[in-house]
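Listed next: structures, encoded as structure tokens.
Consider the two complexes below, in which subunit A is the common component and subunit B and subunit C are the respective partners.
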Partner chain A sequence: MLRPFRLLEPTTAMEASAELRRLGDQARVYAGGAELVLLMRHGILQTDYLVNVKGIPSLHGVTWDGTVARIGAATTHSQVERDPIVRQRLPTLAQSAGTIGNIRVRNQGTIGGNLCFADPHSDPEAPLLVHDAQVVLSCTAGERRLPVDDFLVGTFETAIQPDEILTGVEAEPLPTGFGQAFLRIERYHRPTVNVASGVRAAEGRIAEARLAVGCVGARTIRLRDLETRVTGLGVDEATRVGREYGPILTELLEPVDDLLGSAEYKIHVACVLLGRAIGEAAHTNEAAES
Partner chain B sequence: MEASSEGIATLETVALQLTVNGRVWSGDVPVEEVLLDLLRRRLGLTGTKRSCESQVCGACTVLVDGAPTSSCSHLAFETNGKSVTTIEGLGSEDSPDPIQAAFIRHMGFQCGYCTSGQIMAAKGLLLHNSSPSQEEIADWMSGNICRCGCYAAIAAAIRDASTRTRRG
Partner chain C sequence: MVQAERTQEAPRIDSWGKVSGSATFVEDMPELTGSLYAAPVKSPYAHARVGAIDVSRALALEGVSSVLYRDNLHEFGLQLDALAPLDPALIVGDKALYQGDLVAVVVASDLRTARRAAELVDVDYEILDPVFSAEAALQAGAPILHDHRGTNSIFDDSLMWGDIEDGFRQAVTIVERNLVSPTVFHHPMEPVGTGMVRFAGDIAEIWAPTNTPMRDASDIAHVLGVPADHVHLRVPYVGGGFGAKKTTREMAAALALSRKLRRPIRVVATGEESFHVAVRHAMEYRARVGVDAEGRLVALDVDLAVDCGAYFTGGKVATHNACTSAWGPYRVPHFRVRAKTAFTNKTPATPHRGTGKTQTTFAIECLMDEVARTISTDPVEFRERNVLLPGERVPERFTVEGSRIAGDSAPMTIDFPSLMREGMDALGPEQPPLSPSLVRGRGVSVSLRNWAKGSEESQASATLNPDGTVTVAHTASDLGQGIYNMISVVAAKTLGLDQAQIHVENPDTSTMLRFPGATAQRTTIELGNAVYAASTNLKRQIIDLAVESRGGTPDAWIIQGGSLWLGDVRYSLSDLAKEAPGVVLSAVGSDTEVYPTDDAFGETEFWTPGVAAAEVDVDRDTGEISVLRYAILAEAGKILHYNSARGQLEGGAVMGFGLALFEELRYEDGQVQNADAFQYRLPLMRDVPPSFQVLITENGDGPGPFGAKGIAQTSIPCVAPAVANAIFDAVGVPVSSTPITPEKVLRALGTLTDRP
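What follows is the complex of A and B.
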């Protein structure tokens, strides 16, 4: 049994924000409950009020305006995985959504809830970082957009303000000429390491690269130093640089030993996946070109 | 319901109306009640099992508007206006669902505790994809744990049910 609480059902983001401001620490946002209900059941988190944002119509659905795909925060992982706009414009995001937990978790959890929970062992963040995606945050004072890279702060920590509601995620497709990949390994349905890549190769060389790695550090990060290092290299050389990036990756991510594996193991796997993700994205791109 | 001095209503209970196995049910339910307790305690539908209570094992799987759902971790208020199907709504002893019949033919169980969840997950799969590949079956069903280890028989039963259903 869950400890009793009271439920609020706002119908606009403004209303939800006003309630969060009024209730302060006593309230939590409910956007699907895939994580929250478990924390409440196991007594890790107690709350007096649950503010259900799933009743806010503007938080639902995926739209495409010709440049940007907008995914409502209350869109479930299953909906993200199957949505034709996401599959066509943000294919690695669709792929990552389809790997989360199990089918029941994907039917309940939402992209907004996932981002706000900020569990470092999560899949959508790496593709979102490669796409330079933004979150849309709303409160009674107005709306702001923040790159996902600035939104993610640390383990279970984001830059959202106490009275803000994450209403949506916005991302553009990768520019013309980019190939992409999303690779992961898991243990008991929790990702141990995931890697997302976007690579533009021309005449066998890396012209541009975007790389992200998740689950190993406190949050999913873009590897801007590695992106610079591989730019200009031949594809085989670039994959080798990725595979041998372990010492720097260890400094960047400060991995720890846990039930998913030792720090050394996780860095080893991350480097293997980085090498593959660079190669796969480059070859996807070259296959598309030829 | 309590109307606070300012702001919107804060609810302790919700008036729910939903369809369970084809029949309309309505009543007031505490907002913290999970669907599993609504089904087992209020409706007496004990075919749906409580196990890990963490969305890991799948023993409590039911369909909400056709989608497999962990009833142990799904707040009941979310099912307002929706259609819930449990193992009791699938078939009877005289007229089992093709998936139930296939589980019996293939012995897709041993102790049986996970079976209603397995069958409801499989039902959700075949509603979503009437002709799943072996890989698609494995991926979809990977969230339903069978500690007796009947996985091969479960997968065979689902393939069989899929083939027979398509043949009509």
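What follows is the complex of A and C.
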């Protein structure tokens, strides 16, 4: 059962950062608790203080400045899923948010919390990587931006500094001509494998591709090598290359057997989904063009 | 056969309370004055020798009252030798046999302190190698659980008829298969093991969810060394059971502590701890089956390995049920099943909805499809050719555990061929799947159930209250099936009253009304008959009183529409009751059947079928499975409440989808890997097929009130085989174990390498 802890409720990111600086290891950031509280209940994680950032007004909501969509870190998955800006500009992110856990988790958990927890079985990470999204990190010393690809380090590990608060996520829509897809397989409450793609196809060939795969390795990754390999290929050929990418994917991700399945199974399914995600993105793009 | 229709009927009497949240479950019960809280200390290891136990740090914590554990057990005045020798002792002695075995119970002023103190109990464990399957446990050199036994083998069971060798000599095709059903957790919504206990004078009071209150009260009386009528066990609403709900060791320990401390104690179990109380028996079904040149079954030889977990709780029934159902409903002239049972370092297995039969039905029904396909016959046609037809009997004589007994069971009444055809028709015309990677298939499965009579009679009482209402008392827990509603319907219908005039009490063992337990789909029949008898007896008393006070003859009086009638003149029951102060009208009714212990199904007087048809899509690339259409066929005898009957069949099937596709407790690396709701996948609403049909027929041939039968366990066993056979049909290769995961499908297809 939960151990007693103190709940701190700062109203600005600066205050929150100051609390983190003051309390050091004794404090954890609470941004919805979908995963954190589970660990606390099981006694895996014990903390004296929780710094609730969900009450910070500036961490909420989605804005669009004409180029970049900014999603406040404390925006819940349900809000991301339903937000008109996200749905229009970052549709696979909206889609991925709608698949997380269950309705209770989506109403409680936040995009910032999800990213900071860095569970390799995250849903929003793959679309964010495809969008070349970046996170905004704030502390009393100032603010910095970091690509999501640099922010994610490993399993439960990010580049956030102990006194930093993730305040938002910024992403641009995919450039004109891109189609996109988000595909996932799940058995438990977390995805077994997920894949996001952004593909620009022209005259039946892949002109540009962005591909990301989650859950199989220590963190969600962009597959830049595969992106290069498929560029210039016909769509069917690119799909086949995706499907047959297993040996390299195994080396890249070093998957392990676990409850969700064997490493062999996860790699196989990831490649099936990659092939499909390339094809679907290419076709949505062509459908949009025609 | 008459197809039952959804008729005008009142909602279940428990509906409003459960929908509004006002129904009282044990956790909703108010605090007893001065209550303490209990927390368990459980073995974190599956197999360990327990050395020194130091409770000093726990006792030093402020608010801690006491600890019950091995070293002070003798201070509690308990009769420990009264427990069944192979069931768990009240508390672990020198060995913990599964992860979750109870080492100590701590009580404190509040729950947090009790939990904290439990963590402060220092136990020296010497970790031993665990064994996690019956087959491994029975091998020479396996770690032995119960040292004094020298073996993990518990007992052997068997059932046979004909001459198995002779049967195989007639076979032209022989198929061999090994089908595996894993350990699963019942997973009721309400945790397993929450209760409240108190000693009032020398009366032990317990409030707990259990499906067998009378048996539990008697067991607890033995341990406490008090007369059985000094244990008053009361059962509030129960949030699901499926075989897992019993009073627990923690509650018995809490009673011992309560007697010593003279304080009430609340025992609170978590969802995670529930996984360590009860699970289903894992079974391995190794079969050899022979068919002759005409495609008729001639021989079936089955070796069963039954994994009972760390203690024997319920192993006898599960194993015996598995033996009696191992042949399905088929005409097998030469049959033999031999079962071996073993202790393993897993949560003790207990009965689980359709106990023993979900495992064997999966096996025999998958086997029948494999045989059919081996001889290039349609699986439905193969079943039509081989299933017992109405009028046929299960072989006349059979041998059970070595003794030959007469088989005088009732002839088959079930028309399986027509039920199967109805099931396949209910799936509608076949259509191609929507995507090129998908393949579609259909499967059918059947099961046959004999009536398992209770071990003792069932009783109920009916009492006329001064306000003209009637109170029915009994000791049958409502675990969600709608038992109270069944009681209300039967009493109202028998007495001629409205349901609003019937009050159904919660079970209370101080009434000493007998009932073997809400198990084995027998409650509607046996308790229903008792309620019918009690109501009939009370009705007679009411009419006698009416004759006495108003004249007329007993034949002239009727009770109808909630009132008494003498000719055209109406009298209210409340007037009658009020005019006779000091007269209490109360009657006990009993199910008058005699209940001998039957060796197999020799005493069976009627049969209940289970039939299901399924349509699935399988993604050949990912192995993902979707059940698109599912039809359940059932034979209810007589439906007492349509929505309850339908709910039981639907609920059983949804639970079956869990067994078919998702559920398995994984024991690896010395530990159970997924004993929490986050990692134990249950069926979700979205797993219910878009087309989900329930077809119930009523033959009126049941032995229960108004011709009713039990149907609660007829839908669950058919699900895994119907789905497995549909997958087999779709992909062309069989999967031999549940849950049927996408990964197993890919392995069967050869997409992934072949490995266990």
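The criterion applied here is as follows: the second predicted complex is superposed on the first by the 289 of 290 C-alpha atoms of A that agree within 3 Å, B and C clash if a C-alpha of one lies under 4 Å from a C-alpha of the other, contacts with A are read in each partner's own complex, and residues count from 1 in each chain.
The rule is short, and it goes like this: contacts are C-beta pairs under 8 Å (C-beta built on N, C-alpha and C of every residue); 3 or more make two chains touch, one makes a residue touch a chain.
Please read these numbers as outputs of a predicted model, since none were measured by experiment.
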Touching partner for A:33 - first (subunit B), second (subunit C), both, neither: first
Which of subunit B and subunit C A:104 touches, first, second, both or neither: first
Per-residue touch tally on subunit A - higher for subunit B or for subunit C: B
Which of subunit B and subunit C A:145 touches, first, second, both or neither: neither
Contacts of A:15 with subunit B and subunit C, given as first, second, both or neither: first
Partner chain in contact with A:265 - subunit B first, subunit C second, else both or neither: second
Partner chain in contact with A:224 - subunit B first, subunit C second, else both or neither: neither
Partner chain(s) touched by A:185 [first = subunit B, second = subunit C, both, neither]: second
Where subunit A meets both subunit C and subunit B, residue numbers: 1, 4, 38, 42, 188-189
Residue numbers on subunit B that touch subunit A, as the complex places them: 2, 6-12, 14, 30-34, 37, 53-56, 58, 61, 64, 67-70, 73-75, 77-78, 121, 124, 140, 142-144
Contacting residues of subunit A [partner subunit C, same complex]: 1, 4, 38, 42, 185, 187-189, 259, 261-262, 264-265, 268-269, 272-273
In the complex with subunit B, residue positions of subunit A that touch it: 1-10, 15, 18-19, 22-23, 33-34, 37-38, 41-42, 49-50, 54, 78, 101-105, 107-108, 188-189
Subunit A partner contacts - residues on subunit C that touch it in the complex: 111-112, 115, 270, 272, 621-624, 662, 666, 673-674, 676, 678-679, 681, 741-743, 746, 751-753
